[in-house]
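Consider the two complexes below, in which chain A is the common component and chain B and chain C are the respective partners.
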Partner chain A sequence: MIGLATDAPLLKVSDLAIEYGKGVSLMEQVGFSVQRGETVGLVGESGCGKSLTALAVMGLMAQNLRISQGEIELDGVDLVQMPDVDLRKLRGERMAMVFQEPMTALNPVMTVGAQVVEVLREHRRMTRAEAARRAVELLELVRIPDAAARFSDYPHRLSGGMRQRVVIAIAIACNPALLIADEPTTALDVTVQAQILQLLKRLQRDANLGLLFITHDLGVVRQIADRIVVMYAGSVVEEGPVDAVLDNPRHPYTTGLLAARPHGSFIEGGHRLADIKGTVPAPHARPTGCPFEPRCVNAQPDCRQSPPPRTAFSGDRALRCYHPSGSLN
Partner chain B sequence: MSDLKTAAATPDRNAAPGLRFLLGPLPRYVLRRLSQAFLVMLLVVVGSFVLVKMAPGDMVDVLAGNADMTAEQMAALRARYGLDQPTWVQLLRYMYSLATLDFGYSPLNAAPVLDIILARWPVTALLVVSSVLISMTVGTIMGVVAARNAGNPVDLSISLLMLFFYATPTFIVAIGFILIFSVFLGMMPIAGFSTVGADYTGLRYVWDVITHLTMPVLALCTFFTAIYGRIGRAAMLEVLTLDYVRTARAKGLSERRVIYVHALRNAMLPLVTMAGLQVSSLVGGAVLIETIFGLPGMGRTAFDAVFERDTNLLLGVVFVSSLSVVVVNFVIDMLYMALDPRVELA
Partner chain C sequence: MSRVVEITDLKVYHRTPHGPLRAVDGVTLHVDSGETLGLVGESGCGKSTLARCIVGINRPSQGTIALGGQGLGSGRADRLSRARAVQMVFQDPSGSLNPRLRVGRIIAEPLIVHRLGSTAQRQVRVEDIAAQVGLTSHHLDRFPHELSGGQRQRVSIARALALEPGLLVCDEAVSALDVSVQAQVLNLLLDVQDRLKVALLFISHDLSVVRYVAHRIAVMYLGRIVEVGPADAVWKRRAHPYTRALTNAIPDEQVRRDNIELLEGDVPSPINPPSGCPFRTRCPFARARCAEEVPQLRDRGGGLSVACHFAEEIEQGRTAEATDWPAAVGASPNASLTSA
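Coming up: the complex of A and B.
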């Protein structure tokens, strides 16, 4: 991309609204940005719109969903207005995605090598032999042991962790600027999780990737992310540097999420896991005011009037809440 | 890429190359399937023989009905064909002659059964193979197009057409074809495998056979096209929701590549299964079409043999048809393995 100010964010999502069918709003006023070399953790409960945001950025939303408002800018170019043909050329090339389920993310009837070669040949002028050589290098880069031999294996011969490495190899094959990882470690067991996180961190550092890391695991966010964006029921409720937000959460939802994490000992003295009362409202049954109001411990009558506006405050943080917890330090 | 492949396949370095192959999974698998096939065929022979013998009346009764014979003449005939022996002796004799590739003699056709079958098997094989290929191709394409347009008018019209094909009995289609294209329009020959008495050779003969087989093949296709279309649509719709299709899209591949390389190959598995079933049902079951279009195929041969009590011919047809089905099933299993690497030799 030519002629762009270097300080323009790599990815800038602003005022994004997505509708289902005729006018059921799935998310509204979602905005955040990802800088080059930065890792942003996107967190929230299931169904809050994390994955939908990722799919919207990639242009891979289901056909019955529609972006009704807002912009998604990559390198300053709006992807929402972009024709499908051009968007397709960016996928796998400028932006790439790693999915949640490594067991099903690879085509079972193609060798892993062929699946890496495919993306290289789609976006780069490479002969078959060149692409195959590069694919083996990529498999080595994601630390797949004996990569040359694994090249001609089918996915079902690989473990979940190995398959996720292949998915990552496919994602980084064309040196994208933006990598979206949608709960890439959720389906893996703990030791493998740590390895995959390490791998993503290393690749991100080495290639100065902008990484949008989607998870519901706050521990993982603290490990990997620079900034955190907390979503609830289709809107961003709190955002800021990860340590600041997690050490001093302001939104009652963030506070609740942190309190709901297991801590201390379950063996000594009947420790009970805290929870947030109630459930996430369905998209068509969201309250008119603050979406979190019905479950909120700080709720006041004015919360029901209108959704709280985004208020930025010190330390590069922002919040949507009329009655935040904690104190402005 | 070639050096990569060899690097991947380095099992046992000590075994001699030839021996390693013979001990490999494929030959062992083939050997096991062969022994299974032998058992199946044995059961077919015994079963069909016993069934035929259980039916009242034999060939001599039919001959006697046509030619006014005395009881002595009938007994003499029975003795000549071995029909006076106990069933188990007849069965053993039959099995022995089968083992020497002797299918016996068909007195009604005045020819060895093997010769009759060798003349008629190609007709049915041509009919079956062309209708399987055509209905599978057309049905698959229809299914893919319908799935990609799921819910919109294109899908609706294809689905309606499929329902129409599915619901129309084959013989109605056949008679409809004859009425329209042969009787009213005079474009197509009404019946037969080739023009009688024309004695064409070379390409002219091939063309003659094609024009004769067009209507029977298409009539056989309609029902199965609908089946492939419906299975293909359902399989495609399912595959298109799977994660690896999304992965393929996330790679920035063209929609065409996503559909035909990633999705279709996975959606082919149920279609291949159906192809196996279609072949099996047509090999012996194309009687109706063969009768309507006057084709000298296996189905009609069997049908006639039943009414003429031509036991040897009937048993021969059943044997060869069963053998064809066994072979086709084996080929389908091989195809399955080629399509899906997760299917292991077992």
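Coming up: the complex of A and C.
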């Protein structure tokens, strides 16, 4: 493991802008970092750019998209300029990804064991037998019962939760430093979701992984993350330590998301959920000023002039808003 | 209070090469007019099959469904009268709306099928319903793909309301929506219910959403109802260990957890369900009796019925904070994630 500068963050995304077609901007000025041993929760609703950010880091963006500005640094090395052959070596080795839908992430005509072996043999000098032994260990590590027998099962024989465990085993096979999990529990039942969250948390702690956890669920983020990055319509609107942000949200979007979660009982309490009016604008129809302005309860005329700059406060928090909610301190 | 639907000992078995798949295995349930019954359970528990039987998409193998006091057959007249009694809102609005019809026509479709009103009268009615669900007249000329997910779900709700049914079955109707839009649609459903006094069968895997909208909650596991009663009693008393596990798994810091461990494993196959209690293979309280005898729903007072041999013990254990439980119970107060 060669890190050029050990005090640099494991992953540093700065001023990232991604475009589509003839200059339709999908995201702008996106920046955040992930330290070793830290879990960063990237949250937002569909279309905010959270999955796109993950794909950009992995170098797996669709061909028709391009990074028009900014850097993505892993261990201080810029990935944006890196040739594809070198990126291939990093993927699976230094950084790995867990996807939302385990059935489509796995190859249906390969046994799960063979799929773990494939990654090991791609990145490590291992004989088939060594790789197979290691694969069984990995399946045990992700708590698949009777791992040696499951090794030769095809994915369709496993339940959703077990499949996601296999995907996780593949992702951690080569001890990556950075793990990106894109909605890894969204397709699962709640009781299974709780198991997978517990597993990811344990693996993260044991291997001192940097974990970038993408989700739309603020409850899940509170359980797993140290820091939270809230995205809306292609920009980061608020970031900071997870408890500080969720206990005292300052961006009206974060406040709105928290209030919109069903809590208590309408039948007994009679309170309506505070919804956020309107919908997320399409990328080509985003406002010129603050992207959230058309839906914002705090909106003022100056919000329409230009996007709000990033303002740091309380040491480790930051915000892009001219008229934040909550107390000023 | 009159009943809009009464389900008695409903069974739906599918034939498979490995034996019968018991999707629904003896469910007795009712919905009163104007109330919301929340039906909660994990994937494969049979909640959607149950919903599809009520609206007539699936046929039950055994048992009866009476809508508005009438049992229904499958002839055309029966189908039409069933459609006027109950309508359904599906999970995926893009999959349940015809992509080649304009929104106005989609909402008018039930009126056309039932030959209600003249074209002009239908137009007035469609605009009226659209307004009720928060759609404006310019939406009516659009195609479904031109609308957002939340707006499409409003169209589904409008279409379902066109015939003024007594019961609206919402099968995961807000699950595919983002949280800000989900709140809009939940508020809309509550408004519609308040205005039109329609009963809702609200099906979801998400106990906190169900708790928010429902008067009563039924919890389903492997084709059976394991607990049913007033929403507050189901939520607070947690008398069935499965309800308890579902509540503990909700990723919300405001939900109180108790010292029960995470459920191990997955839901067993409905082709080869466990003997006795269907939940015993994952239950931290399971004992010998659970493998031998199927627990029946028993009245636990306050309108709550629970299908568990040890419901008394489990409920008391919580209130008294006594830890005279089997060894499977974790000791830390926040066992759900802190215990490795």
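Note that the second predicted complex is superposed on the first by the 318 of 329 C-alpha atoms of A that agree within 3 Å, B and C clash if a C-alpha of one lies under 4 Å from a C-alpha of the other, contacts with A are read in each partner's own complex, and residues count from 1 in each chain.
Following the convention adopted for this analysis, contacts are C-beta pairs under 8 Å (C-beta built on N, C-alpha and C of every residue); 3 or more make two chains touch, one makes a residue touch a chain.
In this text the structure is predicted, and so the values were computed from the model without any measurement.
When both complexes are superposed on chain A, chain B and chain C sit side by side without a clash.
Contact with chain C, but none with chain B, is seen for A:198 once the two complexes are overlaid on the shared chain.
Of the two partner chains placed by superposition, A:285 touches none, neither chain B nor chain C. Residue contacts after overlaying the shared chain place A:161 against chain C, while chain B stays out of touching range. Applying the stated contact rule after C-alpha superposition, one finds that A:153 touches chain B and leaves chain C untouched. Of the two partner chains, chain C is the only one that A:45 touches; chain B does not reach it.
Closest contact between chain B and chain C, by C-alpha atoms in the overlaid model: 8 Å. The interface of chain A with chain B does not overlap its interface with chain C at any residue. Per the touch definition, chain A reaches chain B in the complex via residues 58, 60, 88-93, 96-97, 99, 101, 104-110, 113, 118-119, 122-123, 128-129, 132, 136, 148-154, 156, 167, 170-171. Remark: chain B residues 1, 4-5, 7-8, 242-244, 246-254, 262, 265-266, 339-342 touch chain A in the complex. Across the interface of their complex, chain C is touched by residues 45-46, 145, 159-162, 189-195, 197-198, 201-202, 216-220, 222-223, 256-257, 260-268, 272-277, 279-280 of chain A.
The touching residues of chain C, when paired with chain A in their complex, are 36, 42-43, 148-151, 178-184, 186-187, 190, 205-209, 211-215, 231-232, 235, 245-246, 248-254, 262-267, 336-337, 340.
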